[in-house]
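Okay, so chain A shows up in both of these, paired with chain B first and chain C after.
Our next item is the complex of A and B:
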């Protein structure tokens, strides 16, 4: 038991998380999905993120699911993200199924729940494809083209840059707390609870210096942005045009749309025939 | 000029936004990645570190801190990890914003620990309740013949209600109220100069829950629910259109033919342009 928990803790070290997140963001620029135009991908996502919610047809949903599963495979998404996806989908609906059984439901409850699972899985796989497949700068340009508030597209590109630094700083603060303190021994049940409470306390305390440091950093960021004329640039049409000039729809994009359309129409046909 | 020092100007608001976004975003990223552990039926999840935006909303401009927190969660833990869930995210965004903003506006004097505690737990409760209501509605809409499936309605009410209560009492008090009470007085007067502001006092304009805020919150929440309602209506509309078409199968065949033509034409154009490039 102890070894198991240690093993899990080893796997979930901050370095591991950092690597996975960075890999997810910048690690796969050479895939088919990453080469597509962000505007096309966002429109594609809009379809696969919304339409499944409105359909109760199991065959149609299954077809959509298979398709987005294929695109997720193409996008070469990091393992951790897929693991979290599976955990999220199956823990949610599995739990619901068990409780339904408990309240006297029978096998008739399985079918609606299966449909619900397919819906949730399709929608989240579509989002994994789009948001992990694209690199952040492309994504924020695509969002900007659609007229999403400047703050959001700024946040996306800022987040990817600041996150590694923030994580490193958080880790340093945590380590320095650990060096200076004497943790309770994790022996026995009460000892384990005490140890856990200690860990949680350290994490919460670590946010005190982190808040002060980040406050300083965000002031610097905003001041630099002001010097570069960020707020003017955000509202200026010319700047926007310059930033978006890199976007181009190629024949590959059209092909992607056409293949998606073909697949959807085939499953429409199959679901009406059956 | 002197009077306006307590109210933040727009670049200071941006600072608060960036601060709240990056801190809360990173924290939610961790909570998304750290596995939950269960003791019996009670799930002890470190649901979120809501104390960070709560603290910032109490110390600074509540609106910017609230928007920053919601954006941070959206960008860091949803978009970066590719877990963007479409409709559900709108609800989360709105409920986090409202919860944090109400908590921030409730506090008049950040040194008053009692008020800070009450505000923190209110913020969490508001946010959780909204989430629960929308969750129940979502299952009702997504599952056809919700009432007809034996045992499902009760199970949804029980699991959602229990999760909500658990989150308010466990995560709410332990991870939001207590840290906020500890952090606010500690940071008060220290963090404001770093952003070039004066500490918030009793007569700052930002505090106070006005009727306008309450009405605004109700409207925003109605929009969150409205998104779900619209989904249901949208579905009926699609069905209606399909029945209006003479035959669904004929329509589907037409779609397949059109799609095949499109794919073939594109493939031809592509191969032509490629060969053209090679020869040139």
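Our next item is the complex of A and C:
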């Protein structure tokens, strides 16, 4: 039992969070999904991120959900992300169910809630698949191809670059707090609540030094961007073309499009027939 | 041919009262390997930033005079043109890496300047810097030394005529530092690059640089060939620069020995061998570095501690396996080993920030495996390698008093004032810690660390990036801690610090303690030094070459124990 509680506590450590975030951002570049062209993935995402909202057919939605779930598996998404996903989706709709029951609703409420759950789940899973399957560079190139301003696509890939640094810095600042603070003793129920409140407070307070440290670091980064010609590139058509030349549609992409198309057609057919 | 010509340059930062650079006149020849020396804050970095156009195009201050780089006047050219002539590697190089993967970052500048062959240029630069095989790795998979090499590759990919490096080896162990300088030497000799380094480590200047510019208060005082420059011992010491130990020792001995007056001072170990030819080792009664406390009370105790950490991909990495060690009350312990040997992790285990997977840790006789760092902070304190991460409040006064305030320590106010005074921070007490200079930041972080009067103090690289004056100050502070904080552990690469201060040395390598003992035992053991990548201070090495039984670790000891052989008839 002690082992188990230690194991669960361990999951909430910053170190574990850091590891999971990094895993999700960088650790999946050898999966089937990661090999796809970013433009294909983004278009695919556009479909599975929007269409489910406009359908009320449970069978069609179930079909979409199963398909997207399969791609999520292919993308080898990190455990924590899936856990958060499950928690998010089911706490949302589960809570609606409880409220409905409480105010005198009956089992007829289950069906519409199930439909809602399926919609939310499908869209969320599609997002997870796409964003963990795409490495930062591909994502920013894909976005650029679709005409998103250079500044935004640069920010996306730079955010990925500094993510590990930020996590590291945040961890250090938090440790600084822990080394010097005097938290309430987590004894008894009240004590535990107080301890939790203390921890939340520290996490929030740690953001302030984090911001300042990051600002200090970025002084160098801004100069370097200038030296490395970032400003030239932003206005040069030629650079844009060179950057996008790495994008290539392969047979794998075509297969992926075909399978998706086939599956969607089948579920459309099945849902209209039934 | 002069590749850089600076005429009557004066520069002050926007809003500053005084000029940072004053009447700078300097020429640098093509193909030079130039070192710029001077104490902290004398304008070395500012001078270098005028060469690649950052000043006056990006940092717009008051600039008078002319700077010509490769025949181009920097005032008339754009940064883009200038930065392709002069590449720059910053002191905080990890902030210089923009892209997530290695090859991408190396070729990023070339891509931005629309060079068709940007990938080949990136690859070529990586090859010159010895990073072949790492092209597709993510940045965070690189070690500190490799990250520095990548920053260099990024600058090199544009094929600039001049390369400028700001304190390239400040945070590196000797093996990585050698690697960087070997790469620079190759670029200088075989690829015709002009190289400018800002450097505190005079041993490296002696070995690699051709010329030296000495700066003081914003003005270059002189430019001389390295040999000649490093022999100006007194002038350098006055400006807080350590000349090579070999030179200092020779200089001192020369003062007392008539016959040596005409001999040229040595700057490298090889020259030292010639200079001290005919000298004999006559051991003097030194103060032996032995623990003066005979206490056997164990303050820190590790029993079969194992630890591994998660990696993003693949199996967890084992950091420690069955590590056992005891540290007694009052010991001064140095923890040494190469970058990534686990020195910081070792210290974090003691503070409870990291929990061991297996084994037990005792502090002052108490088992601490499950204890939170908050509970331990009255017994043990850790001062980080990076002082910025220790400042969690908006002024250093608040930072120092924080730990006492949350514990309702009765004399919190007076203790804070006392600490501010002791560390000479009273005039700075309202400033944010991050905005202080390097030395001030170190002092403030030490004050934060000892606020709760912990019996055990851990310091992670306390002397990195400091000039001698600041370093002496830190050393003095350490010696003043006696009485309250008696047990001190320092993790460091600074072997001069180890030799001057430590009574006991732990050598970490590959997750194990491979040696544990006094400096005599550690530095005389060639095998241990080789395996762990430790380089004894030059003066020790020189002594051993002259007489294999010699054991002197500081220039003072050397001076006292080596005598000219008198021929008996």
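Methods note: the second predicted complex is superposed on the first by the 256 of 274 C-alpha atoms of A that agree within 3 Å, B and C clash if a C-alpha of one lies under 4 Å from a C-alpha of the other, contacts with A are read in each partner's own complex, and residues count from 1 in each chain.
Criterion: a residue touches a chain if its C-beta (ideal position, glycine included) is under 8 Å from a C-beta of that chain, and two chains touch if they have at least 3 such contacts.
It should be emphasised that the depicted structure is a prediction, and the values quoted were computed from it without experimental measurement.
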{"item": "Partners on chain A (chain B, chain C) - clash or fit", "value": "fit"}
{"item": "First, second, both or neither for A:137, with chain B first and chain C second", "value": "second"}
{"item": "Per-residue touch tally on chain A - higher for chain B or for chain C", "value": "B"}
{"item": "Which of chain B and chain C A:212 touches, first, second, both or neither", "value": "both"}
{"item": "Partner chain in contact with A:156 - chain B first, chain C second, else both or neither", "value": "first"}
{"item": "Which of chain B and chain C A:226 touches, first, second, both or neither", "value": "both"}
{"item": "Which of chain B and chain C A:19 touches, first, second, both or neither", "value": "second"}
{"item": "Vertex chain A; arms to chain B and chain C (CA centroids, nearest 10 degrees)", "value": "100"}
{"item": "Overlay on shared chain A, then closest C-alpha pair between chain B and chain C (Å)", "value": "5"}
{"item": "Interface residues of chain A shared between complexes with chain B and chain C", "value": "158, 160, 208, 212, 216, 218, 221, 223, 225-226, 231"}
{"item": "Residues of chain A defined as touching chain B within the complex", "value": "8, 12, 17, 21, 24-25, 49-50, 53-56, 77, 80-81, 84-85, 87-88, 95-96, 99-106, 108-109, 112-113, 115-116, 119, 123-124, 127-132, 139, 151-152, 155-156, 158-160, 162-163, 166-167, 170, 200, 204, 207-208, 210-212, 214-216, 218-219, 221-223, 225-226, 231, 251-252, 254-255, 258-259, 261-262, 264-266, 268-269, 272-273"}
{"item": "Interface residues, chain A side, partner chain C - complex", "value": "15-16, 19, 22-23, 26-27, 135-137, 157-158, 160-161, 164-165, 169, 172-173, 175-183, 205-206, 208-209, 212-213, 216-218, 220-221, 223-233, 236, 238-239, 242-243"}
{"item": "Interface residues, chain C side, partner chain A - complex", "value": "52, 54, 58, 79-80, 83, 88, 90, 92, 94-101, 104, 108-109, 111-114, 116, 118, 138-140, 154, 309-310, 312-313, 348, 351, 353, 372-374, 377, 381-382, 384, 386, 388-392, 394, 402-403, 406-407, 432, 434, 448, 452"}
{"item": "Partner chain A, residues of chain B touching it in the complex", "value": "10-11, 14-15, 17-19, 21-23, 25-27, 29-30, 32-35, 46, 49, 51-52, 55-56, 71-72, 74-76, 78-87, 139, 142-145, 149-152, 154-156, 158-159, 174-175, 179, 182-183, 186-187, 190-191, 194-196, 231, 234-235, 238, 248-249, 251-253, 255-256, 258-260, 262-263, 266-267, 269-270, 273"}
